[in-house]
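Next, two complexes with chain A in common: one pairs it with chain B, the other with chain C.
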Partner chain A sequence: MIYLTLEKRLHFSPVTRISVSLIAIAVAILVGGIFLFAVGVNPFHAYGLVIEQIFMDYWGWQDLLVKIIPFLLTGIAVALAAQMKLWNIGAEGQLYLGAVAATWVALNWGNELSIWMMIPIMILSAMVSGACWAFIPGFLKAQFGVNEIITTLLLNYVAISWVDYLLYGPWRDPGSNNFPVTREFPDSAQLPAFGNTSIHFGLIIGLMVIFLVYFILEKTEVGFKVKVIGDNIYAAKYSGFNIKWITLAIVMISGALAGIAGMAEVAGVHYRLKQNFSINYGYTGIIVAWLGRNHPIAIIFTAFFLAVVFVSGELMQLEFSLPIAMIYLFEGIILFSVLGSEIFTEYKIKIKNVVT
Partner chain B sequence: MKLIKLKCFLMVVSACFCLSNVGWAKDVKVGFIYVGPVGDGGWTYAHDLGRRHLEKMGVDTKYVESVPETDAERSIRNLARKGYNLIFTTSFGYMDPTLKVAKQFPDTVFMHATGFKKSKNMGNYFARMYQARYLVGMVAGAMTKTNTIGVIGSHPIPEILRHINAIALGARSVNPNAQVKVVWVNSWFDPSKEGAAANSLMDSGADIVTITTDSAAATQAAEKRGLYSIGNDSDMSIYGKKAHLTANIYHWGVYYEHVYKQVKDGSWKPAEDWWGIETGAIDLAPFGEMVPQSVRDMVLKKKEEMVQGKFTVFQGPIKKQDGTLAAKAGQKLTDKEMLSMSYFVEGVAGTIPK
Partner chain C sequence: MQTSHNPHLVLELRGITKAFPGLIANDRVDFTLKQGEIHTILGENGAGKSTLMNMIAGLYPPDHGDIFIYGKKVHFTNPRQSINHGIGMVHQHFMLIRNHTVTENIILGTPQHFKLNFRRVNEEIRMLGEKYGLIVEPHKKIQELSVGEQQRVEILKVLYRGAKILILDEPTAVLTPQESEALYQIIANMIQKDHSIIFISHKMKEVMSLSDRITVLNRGKILATFIKNETDAQKLAKIMMGNEEGKELSVSSPAPNQRHEVVLQLEKICANDDRGYQILNEVDLEIRSGQIVGLAGVSGNGQAQLAEVLSGIRPMESGSYTYWGEKLNAPTVSDMIARGLGYIPEDRKRYGIAGSLSIAHNFLLRDHKNPKFYGQQFLDINKMNQYARVKMEEFDIRAASEKTQAGVLSGGNIQKTILARESSRELKFLIASQPIRGLDVHATAFIQKVILQAKSEGLAVLLITEDLDELFLMSDHIYVICGGKMVGNMPKEEANIEQIGLMMTGVTVS
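Coming up: the complex of A and B.
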């Protein structure tokens, strides 16, 4: 008899990680292609169109680079916490709270300060706000060991309800015909765009944050400690690391980064706070981080890939009149194959020949 | 002589060129942006029936469905890029992105539903659905046994307040004891929330439910309980044969054909269209079997009066919830007053989220 068994990998090299991720993407594209074929669309034609109309097109690149911004920031937020084996499912809520703080600054001080003062203050306030929101699960985890997956997830709904309250109540724009949106931000509170495009300065912020996190993780003592705690918490305890404080700090920093994502969306795209301004960016950040195996630099690429998926969705609708369900299906396949591939980063398949 | 010949020749050439240019511009392809799936059975489905009406006329059309209001710019621009030169964006939240894309594509005509912004190549449109709401309100007022009509509120914007008020006025015109109860779901399309809201309205005594949202969930919930419902935007009777009294519906096809022809012959101008029941753009769905002939006759008579301009829905005296007058006896509300309505009339039991 021949058995397939899983054997734990003793070392997992970066090459393994990258190749597993690439295979996961390839499987998703392949399975997606089969589904496309099943509904009567030539998959080669479909994927060719994606390349032609997104990668070889002025507008296509614009759309991509706008969409990648929230993914970069929520992706790195989730990945940083995941370095310590902390699962921040609450990036969505932290993003909302970041947007709330930035909006407050924009609406209250926007007419008095110049853009050079406003943008840094908005970023800082978004970070503080996101961090404070993450403090709750962070503290509960550090002090009492409460499962952060549950607390961060549930706080998302609270955050969204907060935003609803503000939009239906004190912050509603009197000129909006009762629609739940705030006033438009003054010019000084709008993130500048590159030239004539809609790509805004958030792209630079996102990339800077990613390199900063990379630097901290790889080159500083704190980063070293974080990784040790993530790899082996007992070793970390033996070494006398202050796990409580580091846990709290990392969860809060993670929240702060997600907060910046919220600020970038309201100040760079919408110029006002409105309902559902985040189209599950916080949750998509989880996929971005997983697909990139929580490596900061890899996240740039996986965020890019997810942006392609997002943007190509309506291309499929336009070109082939595919229903929206098909696009949801495709996104599901990607998540499925990414999560399914996780096992292969830690285990390898061995073929055993057992003589009976 | 030669010069004259040359001139003539040039004139003929330029005339041909102009003609061919006009012929070229006449090739109108129509794109639609939908906020829900085409199968929502309500708002989006009604627009899609309008689109299919154009298809039947041989027009090249395309739609993008379930486009989030906060991420619509790209989808609208994609339609414009692909050469769709008449684009309908069919939800309020598309207003700002439509305006933005309209600036980038000055040769494309954009029509935005339910909004109030205009530009050189962007107009807006809506239909006076409050008229049909008044009529379904009459049906509800005549059919309710508990004197309680439940309405699921979507967003507390003037459009929705106007519609709920019209239902209340219609119901109380035939049944002065009728009350309209409102539950808000803060969403356009959320079948599970709508179903839950319908159930809580029926728990609190409503025996007829209607909606200002887009899905047929309330009709399904009423069917399950053996109570009545009134559909919205599209005929929803297939979702609950025994529950569905009637529905206030759109026939967008009439309007889309009108705009298409305008764009085609070059007479289009950025308008703010608000079509009434006399145009056929709004109507009632066929009555369910349980609606007695006397009620049908009464409602259809009122409809005829509206069509002929003899009856106005928002004509005083209209009392607000708090007892103050919104309109004195005989006074008709202006379009502007209706478009900025921010109160409930007497007979509505519910609050407007502030």
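Coming up: the complex of A and C.
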């Protein structure tokens, strides 16, 4: 009788991890192709178009490098918390709140301060705002053990409703023909771009944040504590770590990083706060972090990959008039295949032939 | 080779080989069990005893080799087939559902009528229990039973399924001396009633008194099989270690250091458990420098919580805690580490290490502020690795490298890692909770030697143990805890094992 068994791997090599992730992506592309076929699009044509119009195209690369920015930031935000086994599903809401704070600064002080003052203040206010929003689930988790998955998720809806209120109410631009958008930011509140491109300064901020988080995790006492708490909370107690404080701090920092993502979008892309300016960037951060197994450096690559997915999706929308749901569908397939492949990082398949 | 039709053989294994990735757990093992025999398997941790038993119990099939039961070749692909052939395994860790009754646990998975007749089943179980001296109340819930009673339920479970061949995997590891005595009686009853037993144990004394034959397993291979009367404990221990001289095996406790200053003094300490119920009830304790105080007690009587209070993990509700003459008020873990307290936790895998981090990282636990791990101001991975390599050499911690995940180490190597870490700081007081539980002879001797050496250099030690041999070997002074109260204390010279055993179970000794 021949049957398949799973055998535990004795060595966990990064090569295995990376190749398993790559295979998961390949499977997702394959399954995505089937779905494309199902809605009447030739997948070879579609994927060919992606290569031609995105990877072999100046504007395509520009789009990718703009799109990667929110993913870098929300991805690292989710990954940092996940290092401690805290699931921040609330990056979306924290991102919105970060954008709100940056917008308030831009609209109120923009005409009085120079860009050298404005940008740092906007970043700082977005961080404080995102951190304060994350304080709620962070405090509830640290003090009462309330499940952060639920609180962070539910607070997203509150945050988005808040923004809707502002846009339909006090912050609506009188000259917008009743569109729910704010006034445009003054020049001093707009993130500068590189040369003539639309790639804005947020790219540098995102990469800097990632390397900073990497450094903190690997090289500092607090980073060590975060890793121990994430691995074994009992060992952390035995070592006398202040788990409550660190939990609260990490959730708040995670919120602050997601807040920067919101600031970068409104100040670097739209130059105003508007409805649905985030196309699930916060939720996509979860996929970015997962796909990169919460490793800061890996997140640069997975954020790029998700940027490809989004830009390709926009291309499909234009070319084949497919709905945006196609992007979400594709994201779902990726997440599904990544989670499904998780087992192969720890086990390998063996074919056994047992004579009975 | 013996014939497989020998009517006296109830079980025969021939050339059993089982490999796991990177490890040959059993290598061409031959083994026989005669009718009405107690055949002991002796071996260190990782010698392959459990693998062998699991194959007999049908948990997985061997790669090569044959199993014969009553001369008939069998293939087990699942445990039920093994049970149907009359094999019953009593696991070391109980497989019971705590909030179900004894009866419910016993009949679980056995064929019953659609409408359960509990009165009849209870009666059956009571009769079965009386037959073997396994007395338990069938309608009681498991959580209401003592450890010894729970074990009786486990044995009843396999007997109810009609087991004729019983495998007892370290059955006395969790029992008090009195409960162990009762178990020996039950084993004798079962042999009288024509059962045959494979007995697994580390404890040489009971092995020598119970067994008919003894097989020594080492690194997956059978080294020898003896008839009990043809061998003795020293000889077995030597063979078990792979024919090495037993020089490291025996340790003796040097006399207590004479400059005995009081290191630790507890008066009327009270503390609660995690659910808020009182678990420590006015505990008094005194430990001096250069002294090992042994704290005896059955698990769950407050020793674990006492260690947590002393090390700053658990707050005390009332009482006074004096440490080197200073009265402490709600000390934290960091305070106690700074004051030179080392702590080897009882559950070493759960508390002692962060399993998915490297061994090198694990040396930073409870020591993460130590400048020896840092460059100018940031962690220096080279220094960390370097330090870990030195310690691994010094403490004989066996692993592929210092970058190996601590969680994949064996129990002995984990314990050595913890000991290496705790003892490498400036120690003044060491709490060692069940330091040798589940360790093999080598690791045990090593760890005891390190602790005794530290004591002779003036360290004060609190040794928490259930193992009375260890207690008497190591301690200078003995305390006994029961129900969260200190029920007795005496110098070792005035103590005797029976008396301590009785006190542990709450019998007052005048």
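We adopt the following convention: the second predicted complex is superposed on the first by the 301 of 356 C-alpha atoms of A that agree within 3 Å, B and C clash if a C-alpha of one lies under 4 Å from a C-alpha of the other, contacts with A are read in each partner's own complex, and residues count from 1 in each chain.
The rule is simple: contacts are C-beta pairs under 8 Å (C-beta built on N, C-alpha and C of every residue); 3 or more make two chains touch, one makes a residue touch a chain.
Note that the coordinates shown come from a computational prediction; the quantities given were computed from them, not determined experimentally.
In the superposition on chain A, contact is made by A:Asp63 with chain B only, not with chain C. In the superposition on chain A, A:Asn177 contacts chain B only, with no contact to chain C. In the superposed model, A:Tyr168 lies in contact with chain B only, and not with chain C.
By the touch criterion defined above, A:Ile279 lies against chain B but remains apart from chain C after alignment on the C-alpha atoms of chain A. In the superposition on chain A, contact of A:Val228 is made with chain C only, not with chain B. Of the two partner chains placed around the shared chain by superposition, chain B is the only one that A:Glu314 touches, whereas chain C remains out of contact. Contacts of A:His270 after superposition on the shared chain: chain B is touched, whereas chain C is not. Of the two partner chains placed around the shared chain by superposition, chain C is the only one that A:Lys8 touches, whereas chain B remains out of contact.
Those residues of chain C whose C-beta lies close enough to touch chain A in the complex are 21-22, 61, 75, 311-313, 332-334, 336-337, 343, 345, 347, 350-357, 361, 364-366, 368-369, 378-379, 381, 405, 408. Residues of chain A touching chain C in their complex: 7-10, 12, 215, 218-221, 223-225, 227-228, 231-232, 234-240, 354, 356.
The touching residues of chain B, when paired with chain A in their complex, are 37-38, 62-71, 73-75, 77-79, 81-82, 92-93, 116, 155-158, 161, 186, 339-340, 342, 353-354. Residue ranges on chain A touching chain B, taken from their complex, read 59, 63, 164, 168-169, 177-180, 198, 270, 274-279, 311, 314-315, 317-318, 321, 323-325.
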